[in-house]
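Pasting a structure here, questions to come.
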Amino acid sequence: MAAVTPLIETRGLTRHFGGLKAVEAVDFQLEEGEIRAIIGPNGAGKTTFVSLICGRIAPTSGEIIFAGRDITRLAAHERVLAGIAYTFQITSIFPRLTVYDNVALPVQRRLLKQGRVTQAALDDGVADALARVGLSDRAATLAGSLAYGHQRLLEVAMGLALQPRLLILDEPTQGLSDGEIEGFIALVRDIARDATVLLIEHNMPVVMELAQKITVLNFGQVLAEGTPAEIRGNVAVQDAYLGTGHD
Amino acid sequence: MSGTVSTTRVVALHLAIIALLFAANFVLPEYHRGVFSRVLVLATFAMGYNILFGYTGLLSLGHAMFFAAGLYGAGLPLYHLGWNVPLSFVSGIAAGGVLAAAIGVLALRTTGVAFMIVTLMFAQVFFLATLYFTTWTRGEEGLVLPQQARNALDISLTDPSARYMIALALFSVVLLIVLRLVRAPYGRTLIAIRENEERMRMLGYDVFRAKLSAVILSGLFCASAGAAYGLLFGYIGSGFASIQYSILPLLWVLLGGAATTLGPLLGTLFMFYIIDYTSGLTTAYLLFVGLALILLILFFPKGLLGSVRERWLPWLP
Amino acid sequence: MGFGPLFLLATLEGLVMAAVLALTALGLSLVFGVMRVVNVAHGEFFMLGAVVAWAVSTAFAGHPSIGFVAALLVAPLVVGAAALVSERLVLRRLNYDPEATIVATIGMLYIIQQLALTFYGADARPVQAPFNLRIQFPWFGYSGYKLFVIAAAIVLMLATWFLLARTRIGLVMRATQYDRETAQAFGIPVDRVYAGVFALGAMLAAVAAVLIVPIQQAHYLMGRDPLLLAFIVVIIGGLGSLRGTIVAAIFIGVSDGIISTMFYSPTLAKMLATALVAMLLVFRPQGLFGTAVR
């Protein structure tokens, strides 16, 4: 599989905020079908890095290539149409709309790109996305009145409904109970059958269980990259990250 | 989910209201039929405003310019160039559409309070322009459109019954378009932009384009109301471009219920009769406009139909 | 008159205008800066100040300066009290939501205007200047009172600056402006600061109005132009920036004076100025000096 072009690749990707080097010259590759976790201490530039990939923030310099296409200059919404979906770190749903409407928004966007939006196709798409996260019976509920864990699931369903090639999950398990985390791991495995997953995560057991490869960021730079076993054995990572007494 | 039962009910309700207004032409006393004619046209103005304010969540303080663009866009060619009524009407709508596109491209670069002030200022420029080009507009004094020119297809627009029916036709067409739009994916898109713009961007929506389309649509509806108002009632003047005509649609929509299809009609009708009634008692009707604005925003921000929807009829569009 | 003297005259007229404008705009800017409230009724507070000044000065017989001094004291107090009441009754209940407060202050505008029309009437009424002094330049004579207005405005602005930059009250206000929540956490009574700022903003407009009525008559619609001009000044100066507000007031006032004294059509000038400022807000929302409008 070595000769395959990566799904996403960054070359010298850099973002400075004033004097702060949030992301500095990151070269990064992610193969299609992979589950990749990005870890690193607070302030290591993880969220900035994925924000650069999905277009919420413009880079200071560097390039982003998605499926062989340079997307560095594309606006965020154009990248979404190209196949990159992002779920927010802080739950960002439409609390005053129903669960159905929340998911109908990405579904209708996808249908619109493919051609025509029909009520039947819309209903199907919504039902499908809700079934995958297990919220089928909540369609008529106002999203804002869902329990927190369910709101996180809705957030993921909205990402799924876009049928992305790359799904970025920014700290998806934050604030979830142990039982919910179990379910979440199963869900991500299920998603990974037809999408590539890029995951920012603080919860190390989740990372170790899910990720095929891990990228460690520190001070905006790639500190290490490898399989969970390699990362666990990496001294530099232990110093920088595990050594900070995080969690 | 959007069940078919509620679709039937919603369509039936809107058709019933139109039928009721149609019947009103034959039973209303002359004076009230005249009031209703005006209210129907101004409610169309309010529906246009509601597209932007109610559904998209953009509070403009300059919609008088779109209404007045329709008014002048229709009235000036009729008066000076001798265009016929249908052509003038189309020209009024086109004027509003072009102006809305230009203003939208500029003003949508701003958000929130800045958007309100920018729209206010552009409308002020438009108002001053109607004063400055007084050779053509006669400024505040305005122009009275000649009666003999106000004929369309052998129907005289000065006949009260014809006037009412044309106003109702305009109102009904716009109402049904609005109903269709807000229940379609397009309406869901606008509402979601109002609720969470950043999320919409990350769901793949070109938010700027969607908002621009809403400004243009809103401008077209408001201009159609302005054009009809000038042609039906035969007078065009700077007063219709003043700040007051930017505030009134806001007031009507707030009163009737923002983001409801029938709220604009209800709000306009209600406010018209409050002013009609109070101006019989006192000349200080602006006092009631002011009080109504404050009381609504303080205690009743969802307006009449908004509150009804919240409490009793959640299926209302 | 030759070009030079005419230009001097136009500049002087402009400076008088700038003085009054700076005071009015300062009030608007202060309210926006600290409370994030766009007070559309600000022009009506100005008008109310002028009307009260007329009422007070006509109540006093004798030398006009007695009435004037009384008006200078009473008008800001009355207007400040009116502002305080509306702040307590309306703005606070809206939790200072930027959009809701605009709608509410539009309501106030209508109410104040209508009350003035009802109780004061539609006439424009003059107030006598406190003194009659004519300063003779080689080319023309100029009203000493107008020069006094410029001087008074400078003194008042220095006083406001002192209040904001050198006193505890000013510190508290700046802290509130910087971060409402943190200020609250540090025990600053944000609620009372807001009430005070709103009243102070209205009082500045009222003082400006008292200064102007001997030059311009009191009329119930006189709040419109100052509101628009103050808006323009605040936007050019950058919303919430006091230094910017003053610089912009001088710029707008003087150019307005020059345009209306030396050129033919004030409508065209107003039109172009308004369009220009709207464009400025579109392409440079932080103004020429301040920080962006949020």
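Every chain is named by a letter (A, B and C) in the order it is written, and numbering of its residues begins at 1.
FYI, contacts are C-beta pairs under 8 Å (C-beta built on N, C-alpha and C of every residue); 3 or more make two chains touch, one makes a residue touch a chain.
Computed from a predicted model, the values in this text were never measured in an experiment.
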| item | value |
| --- | --- |
| Chain with minimal offset from the mean of all protein Cα atoms | B |
| Chain at maximum distance from chain B, centres defined as averaged CA atoms | A |
| Length of the line joining the C-alpha centres of chain A and chain B, rounded to whole Å | 43 |
| Inter-chain centre distance, chain B versus chain C - centres from mean C-alpha coordinates, in Å | 34 |
| Whole-Å separation of chain centres (CA-atom averages), chain A against chain C | 52 |
| Touch list for chain B against partner chain C, complex | 59, 61, 106-107, 109-110, 112-114, 116-118, 121-122, 124-125, 128-129, 131-132, 247, 250, 254, 284, 286-287, 289-294, 297-298, 301 |
| In the complex with chain A, residue positions of chain B that touch it | 1-2, 185, 188-189, 191-192, 195-196, 198-207 |
| In the complex, chain C residues that touch chain B | 36, 38, 90, 93-94, 98-100, 102-104, 106-111, 113-115, 117-118, 228, 231, 235, 265, 267-268, 270-271, 274-275, 277-279, 281-283, 285, 293-294 |
| Touching residues (chain side chain A, partner chain B) in the complex | 54, 56, 75-78, 80-81, 85-86, 88, 92-97, 100-101, 104-106, 108-110, 112-113, 117, 119, 122-123, 139-140, 158, 162 |
